[in-house]
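A, B, C and D label the chains in the order they appear, each numbered from 1.
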Amino acid sequence: MHTIRVGLIGAGRMGRVFAQTLAYTVAEVDLVAVADANAQTSAEVAAHFHVPHHYGDYRELLKREDIDAVVVVTPTATHAEVIAAAAAAGKHIFSEKPLAQTLSECDAAIEAVERSGVKLQLGFMRRFDAGYRMAKQKIEEGLIGTPVMFHAASRDPKRTSLEFARRENSGGLIMDMGVHDFDLARWLMGSEVVRTYSEGGCLVYPELNEVGDIDNALINLKFANGALGAIDLSRNAVYGYDIRTEVLGSEGSLLIGTLQQTPTLMLTRAGVTHDTVPYFMERFGEAYTNEIRDFVTCLIEDRPPSVDAYDARKATAIGVAATLSLDEGRPVSLDEVQ
Amino acid sequence: MHTIRVGLIGAGRMGRVFAQTLAYTVAEVDLVAVADANAQTSAEVAAHFHVPHHYGDYRELLKREDIDAVVVVTPTATHAEVIAAAAAAGKHIFSEKPLAQTLSECDAAIEAVERSGVKLQLGFMRRFDAGYRMAKQKIEEGLIGTPVMFHAASRDPKRTSLEFARRENSGGLIMDMGVHDFDLARWLMGSEVVRTYSEGGCLVYPELNEVGDIDNALINLKFANGALGAIDLSRNAVYGYDIRTEVLGSEGSLLIGTLQQTPTLMLTRAGVTHDTVPYFMERFGEAYTNEIRDFVTCLIEDRPPSVDAYDARKATAIGVAATLSLDEGRPVSLDEVQ
Amino acid sequence: MHTIRVGLIGAGRMGRVFAQTLAYTVAEVDLVAVADANAQTSAEVAAHFHVPHHYGDYRELLKREDIDAVVVVTPTATHAEVIAAAAAAGKHIFSEKPLAQTLSECDAAIEAVERSGVKLQLGFMRRFDAGYRMAKQKIEEGLIGTPVMFHAASRDPKRTSLEFARRENSGGLIMDMGVHDFDLARWLMGSEVVRTYSEGGCLVYPELNEVGDIDNALINLKFANGALGAIDLSRNAVYGYDIRTEVLGSEGSLLIGTLQQTPTLMLTRAGVTHDTVPYFMERFGEAYTNEIRDFVTCLIEDRPPSVDAYDARKATAIGVAATLSLDEGRPVSLDEVQ
Amino acid sequence: MHTIRVGLIGAGRMGRVFAQTLAYTVAEVDLVAVADANAQTSAEVAAHFHVPHHYGDYRELLKREDIDAVVVVTPTATHAEVIAAAAAAGKHIFSEKPLAQTLSECDAAIEAVERSGVKLQLGFMRRFDAGYRMAKQKIEEGLIGTPVMFHAASRDPKRTSLEFARRENSGGLIMDMGVHDFDLARWLMGSEVVRTYSEGGCLVYPELNEVGDIDNALINLKFANGALGAIDLSRNAVYGYDIRTEVLGSEGSLLIGTLQQTPTLMLTRAGVTHDTVPYFMERFGEAYTNEIRDFVTCLIEDRPPSVDAYDARKATAIGVAATLSLDEGRPVSLDEVQ
């Protein structure tokens, strides 16, 4: 079997998760080098995972001729720039979502990738979760007939840092949290979103107001085929990480989600109790491994990526429209922002 | 214990359910007379439940001096008129929801009731369901902190008749199905709705289009205190009757609903399977009894009704605004319709 | 429709439940008289439910010619005697379980019933619960192939009074609580029990030791067709009333039971919590109504009772064998006790 | 961090699972060599996982001085012999369960281990499953008071090969499947088993009869502190792999188990359906990794193994007694077999 030689760009919290995956879990991969703007961080991660080379500047990493592909886990605001540079260096690219927070940045990244002919896959890891995969398969098998409503709840157990919450960093609540649901919506419903309407507010953490973010939002979607969608986002699911999705069709419905981590029920005078899912790695850890495995397989088999730049641009476009709707208090057509 | 002497007005499908409740289940009640526009129907129901008197014209029933109160289960379009007549006759009134489909009709009914000083209670039976009652109580105890999001799915297993679907009969999908959720939203969130936005469509039963109705809708709510709400309505929950509600607060969440009727799980090569709730009587049968019991108790104890005419008017107002939003494709403020 | 005129014998806690059912819920029944060894109790219950006649001695009630049938809810130790007297008086009989705690008493009652030709139905109400009925039906339809294992947990939320716990009153834990499961075992497995082995102990309430009872027991069953059974009984399910049954077959399994009363989930920092079933009326209230309705229908249609005296004798026989096994610490064949 | 150099003995189906774990998942381990009686198998596994050395005779592997520890995944009948040889070679040992199928073999292995002073840990992986760990912790925290009943269902989705079913190979159903539950019973109840009674039969696969095995069994346990236990074993859970355990205490109960693999519910006209757990790797995959990690940590920190040879001998002793009970149709005291 051919081995894919990979460089990791970005070695923060999620970067380490990908380092672990690349170093130990996916057999067909050699993790050759790691880069991080913080040179000490890249040195530490390299040492911990026995990676031969490390850099403080990702452009140095891109100069290595023995690297086939890069995995990009840098801050969102830098995705487009790193992707363009990697494409120019002829490296295949796996990038954490989103592609970018503006459509012009998306377009610049897409152009660079197309010019160089490399493959670009985006990290919409929910598509690689066993639950969502089963849902997609059942829809394609016709189990629920024609999908007519999409529902999603994406809720974090706590708020982000105030610094991250600024729109220039996270893109705001709708862009930051919603992008996974925007991608799922298109994928599971099999139709493009044409209109969006948002309501939101700063209801639990007043300090978010000062940095221009909100903590709860509701987003309505209208699809090209007439179907409907509703997404709720929240930073105050203090009971645990709560990701639930439903697709209602003409012949049935699919519910994806789990409110229980450990298969243990406690029966006491307080009733029946079970634990919840603490955070995203507990819920989607396996999906993160699966998506890298899929990307590597796509390189080995020289087939198109499963989630490509156009998918990523569409998700960003929905986020842009939904955010505009929130800002202006009116329905926003996708045509308006593309 | 004082016995309340009751007349039943309306002896159709739901009228018979109330006849059963009044005749057998609530001990403090004597069902004295029944009226239905179809005189044969009222005769049959009277015979079946051993009711001494029956009428083809409800105005005859209202003339009886031995009747303390009436239960109104006539078609929605006649509620306001019957209520006004009953009030004029000095009878206390329990009426099936909604009070009326227009706010001017609501106001006329309210005026008649206030003038005569009788009590009027509306049949928002979900408030008397054990699940919703527990939720309300837990919210009041502070279990979930401040409520910030309201979610509801109300889904019927099949479409209504085309005749009923006409807006002049049912009020349209949003008014017909949504009114229970509009009432729950105000009650559970403890705040009034100030804005609504609706999306909807005729996605499964094209024939509804011809009578001006839709089969699926999504309704966004904004509450006076800034909280958010999302309601989905559907006529194509072919898997069963599906009523689920969630209230997310700053300190937790409450999920009310059940997808299982019988406590039996089937484990076969096809996976784990259980049945679903067939329709509303299986889900809310006990709540229908409870609401009548509550109304009777309010008469005996001479206390204000649990769900009064103002509650009913508010629910109708939200329905009017949400329907207008659907018709005009824009957010509609409640101020606009009141 | 023909009306069945019924006398109620025994007006204690469960007697009142049956009075309510007979007075209000089953339309084809007239509750004509009530008898209780405590004359004041029978007077009170008669007044409360508007029953025309009441007696301190059930033999007076049996003398009434206008009574078609009696419902026997007296203490277990008197069942056989009351049944024999009612049979001699030519009254059809519905009796709370068990028929008797000894096989000779069972036989005496059976003989009296057979001599007079009246119908006798026993109150194994679980057979009339929707969950168990579905299970029975699915087994008969072949959903799980051939049943090979029977499992049951029957657990009370608290111990009985010490007085009731004495073996001469309750028959002991195995006889008192197990008799429902012994009946279910035969009914659902479709085979007779041939051997039993019991373990038990006084593990939570040491005071039970002093009156000769235990608080936990495990009973193994062997069926004539080779199938296996295991029943656990406990008085310390402090979290709620817990009745769960499983039938494992060659092609699948059926789980009957519910650990949740109200369809409300609470999601807080403490995890996901729901309530439990408080006690037997909350779990089996509807089954108590159903069994009376079934008995009345069997009289109206003049068909054999659904659960007859032979069923009741078999359940008692298993209880006798299982109790003997506990006492002597060895497997006991049913042949030994019959 | 110190690295533990490990040799793998046995490279069949489960051997490959351990090879994967040792090669990729546990960072502190170097997999140095693999041995299998089938030399070609060991060569293949070595090639696949990049293991430097491979042998057809495990005694060659044991001669390597650069190996600290061995992982034994050979057929059960050879466990005791391989363990004795590894101990004599001064290697620490992790062995798949059971230690042996007879107590004399257990004792020989224990003696060899004690003589050489190496550490021996047994592969009771359920102790390392998150669900069982939570249960153990909650019991120790007193959540359910004093444990009084232990329940376990261990059910395979299909029968084993007839060759494996022979008692000289598998030890018979009770020994083969029950040993995990016997270990859990002691661990969770915190008391030793003193008596056992078994019922069993060949109810679904008559062909097992011919090789002297059964396909369903029920085993009663009595603990030293008076507590009770019931275990059911089955080879015909055709709906999936089904491992459920319950510990009922004086103050509550703990249910451990899961009947669902993927967090997706399907709502169709057939009811609500979800998938089941296919087989043991899907249920306990992570526990297999955890147990190796725990063993390696115990070597690094030089602390006693978490599950030692005495635990393993106790589980075997219960299996011997339970099998004897089945053979002789009587309760068997543990004293009898030790």
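The working rule: a residue touches a chain if its C-beta (ideal position, glycine included) is under 8 Å from a C-beta of that chain, and two chains touch if they have at least 3 such contacts.
Per UniProt, the chains are A, B, C, D = Predicted dehydrogenase.
Keep in mind the model is a prediction, meaning the values are calculated, not measured.
Enquirer: Please identify the chain with the largest separation between its CA centroid and the CA centroid of subunit C (Predicted dehydrogenase).
Expert: A
Enquirer: Pick out whichever of the two, B-D or C-D, is joined by more C-beta pairs in contact.
Expert: By number of C-beta pairs in contact, C-D is the larger.
Enquirer: What is the distance, in whole Å, between the centres of subunit C (Predicted dehydrogenase) and subunit D (Predicted dehydrogenase), each centre taken as the mean of its C-alpha atoms?
Expert: 42
Enquirer: If you average the CA atoms of subunit B (Predicted dehydrogenase) and of subunit D (Predicted dehydrogenase), how far apart do the two points sit, in angstrom?
Expert: 57
Enquirer: What positions in subunit B (Predicted dehydrogenase) touch 2 or more of the other chains?
Expert: Within subunit B (Predicted dehydrogenase), residues 237-239, 242, 251-253, 265, 267-269, 275 contact more than one other chain.
Enquirer: State the interface residues of subunit A (Predicted dehydrogenase) toward subunit B (Predicted dehydrogenase) in the complex, per the touch definition above.
Expert: 146, 148-149, 151, 153, 155, 195, 197, 199-204, 216-218, 220, 222, 226-230, 232, 234, 236-239, 242, 248-253, 329-331
Enquirer: Within the complex, which stretch of subunit C (Predicted dehydrogenase) touches subunit A (Predicted dehydrogenase)?
Expert: Residues 237-240, 242, 259-260, 265, 267-276.
Enquirer: Please output the residues of subunit C (Predicted dehydrogenase) touching subunit B (Predicted dehydrogenase) within their complex, sorted ascending.
Expert: 24-25, 27, 130-132, 134-135, 138, 143-144, 251-258, 261-269, 275
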